[in-house]
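What follows is a single structure, written as structure tokens, with notes after it.
Chains here go by letter, A, B, C and D, matching the order in which they are written, and residues are numbered from 1 within each.
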Amino acid sequence: MLLLKEQPGVKYRQESCPVLENRSMGPGFCRITLAAPAIASLVEPGQFVQIFMPQEHPHMLPRPFSVHKADPENGIITILVEIKGQGSRLLASREPGSFLKLLGPLGNGFPPPPPGSILVAGGMGVAPLAFLAESVKYSRTLLYCARTADLLICPEADFNIPGLQIMRATDDGTAGFRGTAADLLSGCIAEAPAVFACGPRPMLVAVKEICLKRRVRAWLSLEERMACGVGACVGCVVPTIKGYKRVCRDGPVFPAEEVILDG
Amino acid sequence: MLLLKEQPGVKYRQESCPVLENRSMGPGFCRITLAAPAIASLVEPGQFVQIFMPQEHPHMLPRPFSVHKADPENGIITILVEIKGQGSRLLASREPGSFLKLLGPLGNGFPPPPPGSILVAGGMGVAPLAFLAESVKYSRTLLYCARTADLLICPEADFNIPGLQIMRATDDGTAGFRGTAADLLSGCIAEAPAVFACGPRPMLVAVKEICLKRRVRAWLSLEERMACGVGACVGCVVPTIKGYKRVCRDGPVFPAEEVILDG
Amino acid sequence: MDEKTANQRQEKIIAPDLSVDLGGIILKNPVLAASGPFGYGREYGELTNFKDLAGIIVKGVSLEPWSGNPPPRITETPAGMLNAVGLQNPGLESFIKDDLPYLRTLDLRIIVNVVGCSIDEYAKVACRLSGEAGIDGLELNISCPNIKAGGMAFGTDPAATHLVVEAVRRETKLPLLVKLTPNVADIGIIARAAEEAGADGISLINTLSGMLIDTVKKRPLLGNAFGGLSGPAIMPVALRMVWQAAEAVRIPILGMGGITTADDALQFIMAGARAVAVGTGFFYNPELAKVLKTGLEQYLKKEGLAGLKQLEGIARF
Amino acid sequence: MDEKTANQRQEKIIAPDLSVDLGGIILKNPVLAASGPFGYGREYGELTNFKDLAGIIVKGVSLEPWSGNPPPRITETPAGMLNAVGLQNPGLESFIKDDLPYLRTLDLRIIVNVVGCSIDEYAKVACRLSGEAGIDGLELNISCPNIKAGGMAFGTDPAATHLVVEAVRRETKLPLLVKLTPNVADIGIIARAAEEAGADGISLINTLSGMLIDTVKKRPLLGNAFGGLSGPAIMPVALRMVWQAAEAVRIPILGMGGITTADDALQFIMAGARAVAVGTGFFYNPELAKVLKTGLEQYLKKEGLAGLKQLEGIARF
């Protein structure tokens, strides 16, 4: 199978990474830039890192975050954080100059999108998909969708990528097209050779349905609560037609036809 | 009895206190100044405050610290912190401008020292005793003792108090008299009407023995692990000849002849 | 929805009714102070007004005074604490003379936690307390060692549980809660024994038995070696036991163990608790009752519910 | 002390001997990976070299493959976590074919955790594993439900414990550890039953049964509703049980539950453990084995001790 890469040698690293920048992206969101040379040089779109908590919180699990941008030349990666609970709040309050221990890159990542692919990002799903969009040169379309304009936290300028067509949609019509990601996708899927999606569960369910119906190959990036992040504890599984698969190791990207989303 | 004041009305307050200054006092020690107007106006020497942990640590007990200085006019109190574990480390890292919730003043405090009293401070025991020394105008002697010079964290300038005689001692002779607090006390106790002591357990044991032998009244300030800090949970008791007494409510100051130190 | 119904619904939403009936004890809201941490109420009474609390379960009362365990009695643990107070208390008569008059002045339900070393002692304390005004219910703490039966806690054995509850039931008409120890393999069996013997409600959980060691002194950290673990650390265990007890009995359940937020309290209610109690949480925040009451109110408003009834045990169905 | 003795002492202090004999399993140091979190070793093998670890207790192996529980399988709790993996495993034959060859390449003691639904299944797995090279010991996980006896775990009943341990003992000459569940009233009785039935050592504790509820969905948070609580939150309970088990039996004890520092490991040893295992701690810090080993070494040096022997159970004496 194309997707699940074999991992003969060790392809991930632990690094203690200085925070270079920590910028608020509107209430409840931030963007953290870290010096992580080893991870930056290895990471591919769709992979993620486990971020360990600062020493004052020795009894908290690491938190998984997608790599949003990687600059291997300068040894820098960027992540987008939505503040949901204690872990993300702690990350959002990290000052530049402080350190965070990272483990990564983890997971399989997306396969290379063929020309003309559609990338469907719901909310924070934009983090890995913007990276994917940047990774190829030929034409592709990014659908960037959320409930309302405030949740489209990546500014237009972020997508100044040659050959990238970008369409926005909000459920309430406060930015771009008024409607869901599924509505938008239905309107433009006709010619697409493949779809790549990351976002809330209901969006993925809709994307899967549309793509299966139109017989368009689709790859979905999933989330599950994690402990080890490397595939050892079998804690982060999702059901697939081939049995339970680990999101952290066999995913987070799964072929839409394999993964069982509401089982 | 003189010591255990009756508490008819509520004499303590909860305050959310801005940190005004947080100064390192050498490795492992710091001095924190807080705006705490209600506590500053009520507190007497020997009383303490319970400091609640910052919100990022919602599952930690408050920590008891003696009030070291109080300036009721400006509504300011100062505490001295020795970094021992997670709680004190968190306090030491609090930046000016951040807030700490305080409950206090708690405990009975010292009775007024008669003229000519000797105050015996071992290590951090200096915190309440410097406050006691400042609270009266007539002559009194402060013995300020520790294992080694680095642990005498309060500088000479701190004791520029009229009528106060101060003698230092270190076990290793690196500052002042070479010897223990007990050695020093034995040499100067002859004329003293009363002794007031705060410091490590072995020092208190020695002070008690000396004072009982010389029939000098002595008051010892004790420490115990605390939960409520107000006398409700009966968690912080010490044995006395009248049964278990609560350090937080019946103490922390006990008459030497009542408290059982190694029972 | 016509305008009138909408208005009525609006009204309900503005002031949801938090009151509950805990086995005959009518509570204005479901938040109680757990037995122990709150002592006999006086100290916390100085600290906060009791407006947001429905009642106090006072510290365990025995027939004679108990002096308790040697210090250290408490120590902090990750997200919790150990205590080995050893049920220090002034004894029944002193409680009635010195503490009960104060408690009567409070606008709160007063539940007295009863401890003993023998069935006879439990029964005597319960009988004497039943004759006193101002007590709204009893909570039988059956975590105490059964001296006659080798020192295992009454509450670890269904037969011993049945006997002690039955004996107390005979002595009192007050609403009777039985407080279970979590240090058992099957909490449902014990809960059922208490119900069958006449309990009006089940309280749980008491602390988990635990210890720490001081590696410098190479000795147990607590004076009594073993202590009781409480606080957020144990909440998942407490919640599971409330769920299991709720499956086992029909009488209402008072849930406790590690509650520090309104969401925690809701979890207990959704697992099957009628009301909740807070112990360790007050140490972290003496104003916790207010946080819980307000949070529950807000939740009901948000969900458009008039009261807590529909939520009781909802996660089980 | 003459010069020679002083030098000898110095030498000892420079390199204290951390090795221990855990019921016939010789460990270069007392730090093992607990069964489960580490899987079958491969993933952590990529992540860290195993130089500071003495051995791995691999994830529970059953006769047939088990698919495990539906997600979510894990969630964080205050200073701990709940897991309801449900003992997902590829089954005995797949383990021997796909995982054991890799494990044999490691310079580590390999202990296989054995799970089953019946005494027969336990015995079969143990028998088959005993015929394989590269296995240094078995750990019998008796927290599994005894299907024939209404689904209560084997390890909650001394008689069931005796039966299953005896049956397995008959099938294997490998060192046999029996891993106890903490969800019991009296751990000493269970430990003694295991010893009498022929165990070479006792492992404890397995996870405490617990749960959380998602108040938005009004459902249990875990797919399986109940899960096992592990991590620092439970350490006081684990330590108390190790102490009680050590009082009850003469065979050595493998202590675990919430270890994240060398001081934690020392506490277990001082309570009576011969060796310790780490599960959840590796999630917080994949390099934890190094932290523990170095910390224990430093402690022995500081105390001028040649080995761990003198510390075993010292807090009890």
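Basically, a residue touches a chain if its C-beta (ideal position, glycine included) is under 8 Å from a C-beta of that chain, and two chains touch if they have at least 3 such contacts.
None of the values given here were measured: they were computed from a predicted structure.
Centre-to-centre separation of chain A and chain B, using mean CA positions: 54 Å. Centre-to-centre spacing of chain A and chain C amounts to 46 Å, using the average Cα coordinate of each chain.
Note on chain placement: the centre of chain C and the centre of chain D lie 34 Å apart, centres being C-alpha means. For chain A, residues that reach two or more other chains under the stated contact definition are 59.
Among all residues of chain C, those that touch two or more other chains are 78-80, 231-233. Taken as a graph of touching chains, this assembly forms a single closed ring in which every chain touches exactly two others. In this structure, the chains touch in the following pairs: A-B, A-D, B-C, C-D. Residues of chain C touching chain D in their complex: 77-80, 82, 152-153, 156, 183-186, 208-213, 215, 218-220, 225-227, 229, 231-237, 239-240, 243, 258, 263, 266-267, 270-271, 299, 311, 314-315.
Remark: chain A residues 56-57, 86, 89-90 touch chain B in the complex. In the complex of the two chains, the chain C residues touching chain B come out as 36-39, 42-44, 46-47, 59, 67-68, 70-76, 79-81, 83, 85, 88, 231-233, 260, 280, 282-287. Across the interface of their complex, chain C is touched by residues 7, 10, 12, 14, 52-53, 58-62, 103, 224-228, 230-239, 243-244, 249, 263 of chain B.
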